[in-house]
Amino acid sequence: MNFELDEDQQMLRDSVRRYLEKAYGFEQRREIAARGGLDREQWTQFAEMGWLAVGLPESVGGYGGFNESALVLEEFGRALVLEPYLSCAVHAGQLLLNSGAGDVEALLAPLISGEQLYGVAHTEPQARGRPLWVQTRATRSAQGYVLDGTKTLVPGGDAADRFLVSARVSGDAEDTQGIALFLVDRDTPGLGLRPYALVDGSRAADLSFDGMTVPVDALLGSESGAGEVLEQAGALATIGCCAQMLGAIDVALWITRDYLNTRKQFGVAIGSFQALQHRMADMYIALEQARSMVYRGLAAAESGDRAALLAAASSSKAQLGRSAQFVGAQSIQLHGGIGVTEEYSIGHYFKHLLVLESLQGSSAYHLGRIAQSLRAA
Amino acid sequence: MNFDLSEEQTLLRDAIDKLVLKEYSFEQRRKHSRGRGGWSREVWAQLAEQGFLGLPFDEASGGLGYGPVESMLVMEAVGRGLMLEPYLDCVLLAGGVLRAAATSQQLEAWVPPIVSGEQLVVLACGEKQSRYRLDDVATTATAQGEGYRLKGSKIALRHGEAADRFLVSARTSGSRTARDGISLFLVDAGSDGLRQRSYRTQDGLRAIDLMFDEVLVPESHVVGTIGEAASALERGAQSAIAALAAEAVGCMQAMLDLTVDYLKQRKQFGGPISRFQALQHQAAEMLVEVEQARSMAMLAALVLDDDDAAERERTLSAVKALIGRSGRFVAERAVQLHGGIGVTEEAAVGHYFKRLTMIDLQFGDSDFHLSKLAAGGGLIGRAERA
Amino acid sequence: MNFRPDPDDALFRDEVRAFLREALPAEVAARNRRGFHPSKEDELWWTQVLYRKGWSAPHWPVEHGGTGWSPQRRFIFEEECFLAGAPPTCAAGFSLLGPVLYSYGSEAQKRQFLEPTRRGEIFWGQLFSEPNAGSDLASLKTAAVRDGDDYIVNGQKTWTTEGHYADWLFCLVRTDSAVKPQRGISFLIIDAKAPGVSIRPIVSIDGAHSLNETFLDDVRVPVANRIGEENQGWSYAKLLLEHERAFSAEVPRNKRLLSQLKSIAAQTRDGDARLIDEPMFSSRIAELEVELQALEWLTLRALADMDHGADARRPTGSVLKIRGSELIQKTGALIVEALGGYGLVDYPEHGFETLPGPEEAPGKTADFLYRRATTIYGGANEIQRNIIAKGFLGL
């Protein structure tokens, strides 16, 4: 077992970090957020650096594996990147790759090049983390399929060109069978889009399908076999989310440490107060636990064992949520008043972690899932 | 609403404090624990003499007619002194069930020997399958001639070995978990067909399992009305929870005091460890928990007199949930802050730890009560709008 | 010891509720219950409504317009108003400045400021903290130098809540640098419109403007605006911080949040069931309810202490502040969690109606974000633990 990065991985990490340090400093990020949170030019830059290809097989123009995706995600978390890389690159890429669609390479090429932004429209309001909760219906018609339903919290939904939409052809809300995956153009008649900002400055949207007709060739893969693909890709996206959270937790901790060493009250640096020192020690423990669980998730992804992957996604997300809540909250607390200002960066780390905690299922959801699997055993 | 002690209450509290001071130093406690059954009959006799055993019983049956607040004051002292005697089990729990179920003639006959200290009565209601549910009664009572035949078994009766009589819940009708059909019987310890198996518990006391093999109980020893004992059992359990809350507060306060003293006198790294801020803050957190627990013990005493049974149940679940959690927190912190000696048999702090752990487990632990509260729709349902 | 509530207090509660039903329009109440910051307009309007009833400064001495209520009735009144959705009144004026003024102010100062404050004609801003004087407030550096009948004040203050609403400011200044810090502080009243005073917004992480920083550049303040003796200001400030101990737990806010949590959880679907019926989630709500009960009873004990002037050494304020602030945060966090994806949406204070999500959502996450400050303001919880440990436990 080797937890060190190999040379290629180090190069990848360093190049992402260097780029973001230059182009995505905190003030630059503020401007990006003010401009709408998804800079298409920035996205194209990501493409040119090859990062949209990371984690996809070479045969379709990709580079590296899921470990490399996690590396990029961690860096993005460190820099609080607003662009929806996790969803529109990693998650969308995995879905397309495994969808069983005919010409996967043709579908992935515009994703990799950044020409097309794919939004993942899968989550529904009642799902609350359940990977297979789909009530959006798809009914066969003469022209293709008619879709009815609602999707929520689609990252990058306001800017996406095309959506990967999960809809149920048959079965009940949580059945694995009966789910289909469609590729839907943004301007399809009957597609309602309600975009909004999230509290961390990123963007998302709710989608509604009101008797929306999509052609037959919008269907990716089989009419009822998308369930397993969604589960698998969802688990990877969950672990990817953990990697992104890890990056943010790590930076928040060290920013706080630096603050404690510089801020003076009562004639001394407040970092000399033992109660605060011990708090930081507890935060460090939470960070280490988080890092460990990211590795565990990556190992499960590598193993090829599907059941292990699904279980690990829950364990990792549960731990990352706990660590994030603790480190995020204490980071603000240890900063005192400035921790709750918009001006200072630490509050933004808190808000980003808040958003990531809810994406791909909250830690409470995943704990419940683990509990459920214990009962079933 | 008045949080100051009345004169009478002050006298009562001073009396029990004095007794604890005189009879229950940690060394004396160790001696008492080596006595028969793990407690002191001498102390029990003193409790009787000073009227404590008659505290909650009404004057007609030989008691002092005091209420939950007074019981709370006594139990806090019991907790502080880590007293081993069956005050809660006999006077408050069995006594509470009796007061709720028995007829006045029965009380006049059965209570005086308890008050005088002559007889120990212990409640026998828990069974192997029942966990914390009072309505889950598999032990049966079948009518026979001028009495009843009891068959079944009860487990984990604290102080059961020393009991002269048992207050037994047995089913006269209904399915195993039905609320209706539970009856109460007063059974003498030496009865034919009654067998005991005794063992030591974690906190050094002795408990028993009781086996009923066709034990005959005369009609006169049916407590109250046949088939209607459920609410009396609830009342008893509620009194016990309120008592445990007060006892826990006493233990917690004692642990806090011990810890603060320890921090001040223990020297490491060139001075008393009380100067380390991390430890100061932990002690502060302990105090906060003690104050919360104390508040809940008071709430418990108040709600015992509430006529609304559902309100009583809910509130006491809340009390027990908090006491369990706060008690364990303070106990763990105290042991931790005592360093190595915290886990020795010699130091008092470890014994408080054990008692607080046991308190959490008695009558439902925190998780049990939180789930119960949640399933019941919660506590605070007041509409937000005026 | 007797724990039964006074039956007359129940009647008083009914009286307050009846008043609120009549005097507080549903629309104002709904607006103030959301979680966004209250507007100056709402605050002053409500102050005037209360004034006409004689209830705008209930805790002031009767001779200055107070009601003479017991601490328990004050608590009941505050709770009912808050739960009904009444806007707050100017806390800085009523709870901070007012008591210092009527305790230590000159007759002229009392005449000039007390009644107009009570009438809702003056809005106050508090100038205490500085960028380098937060927890260590006594180390403040804003200086007031004597010049004839005036002080010339220079310095920078921060964390002034609603400073941008203020007509007048009260300020702790250094009038003597040669002595122990606490001994060289004075208490000044400053006109917010005075030349040299600039109040600038501090945007908080909820994206809202409630806090401010204030720059004082050669501000001329008449000596007549100093409250009490020179260099005695710290003791006056300490007094008012101790005054409100029993209310430190913010029980009304906690009750409102818990009630909103339950309402949201009852209306949110979790799979095909209600979120509030999901055992793990409802257990977590139960845990918060239990804590709130304990907090309420801690407060009742503290109120009784106020009434009887009992053991002032007990660190009641610190205990209440620590647990009350933490409970606000935990309940707020569970509300955000209950809202699911819609707990992440950045609802603007105006115009949220056009965005998707449940009716109760707008304002909740904003409030949750702002309340990260509860464990920091009013004496950070770390300081409160110091007070308990060193001040009371003697460690």
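Read from first to last, the chains carry the letters A, B and C; within each, the first residue is number 1.
Methods note: a residue touches a chain if its C-beta (ideal position, glycine included) is under 8 Å from a C-beta of that chain, and two chains touch if they have at least 3 such contacts.
These figures come from a predicted structure and were not determined experimentally.
Asks: Of the pairs B-C and A-B, which shows more C-beta pairs in contact?
Replies: B-C
Asks: Among the chains, which has its CA centre at the largest distance from subunit A's?
Replies: B
Asks: So the centre of each chain is just the mean of its C-alpha atoms; given that, what is the distance between subunit B and subunit C in Å?
Replies: Taking the average C-alpha coordinate of subunit B and of subunit C, the gap between them is 42 Å.
Asks: Taking each chain's centre as its mean C-alpha position, how far apart are subunit A and subunit B in Å?
Replies: Computed value for the inter-centroid distance: 52 Å.
Asks: Two-or-more-chain contact residues of subunit A, please, as numbers and ranges.
Replies: In subunit A, residues 273, 275 touch at least two other chains, as defined above.
Asks: Using the touch definition from the top, which residues of subunit C touch two or more other chains?
Replies: Subunit C, residues with two or more chain partners: 382, 385.
Asks: Quick check on subunit B: which residues sit in contact with 2+ other chains?
Replies: Within subunit B, the residues that touch at least two other chains are 277, 280-281.
Asks: What part of subunit C is in contact with subunit B in the complex they form?
Replies: Contacts found on subunit C: 1-6, 16-17, 20-21, 24, 29, 33, 72, 80, 83-85, 255-256, 258-260, 262-263, 279, 282-283, 285-287, 289-295, 297-298, 300-301, 304-305, 308, 310, 315-316, 318-319, 322-323, 382, 384-386, 388-390, 392-395.
Asks: Mind listing the subunit A positions that touch subunit C in their complex?
Replies: 123, 125-128, 130, 133, 152-153, 173-174, 194, 196-200, 204, 206, 264-267, 273, 275-276, 325, 329, 332-333, 336-337, 339-343, 347-348, 350-351, 354-355, 358, 362, 364, 367-368, 371
Asks: Could you please specify the touching residues of subunit B with respect to subunit C in the complex?
Replies: Going by the criterion above, the answer is residues 1-6, 9, 69, 73, 260, 263-264, 274-275, 277, 279-281, 283-285, 287-288, 291-293, 295-296, 298-299, 301-302, 305, 315, 318, 321-322, 367, 370-371, 373-375, 378-386.
Asks: Contact residues on subunit C for subunit A in the complex?
Replies: For subunit C paired with subunit A, touching residues are 129, 132-136, 139, 158-159, 202-205, 207, 211, 269-272, 275, 278, 280-281, 284, 329, 333, 336-337, 340-346, 355-356, 365, 369-370, 372-373, 375-377, 380-382, 385.
Asks: Once bound in the complex, which stretches of subunit B touch subunit A?
Replies: Per the stated touch rule, the residues are 276-278, 280-281.
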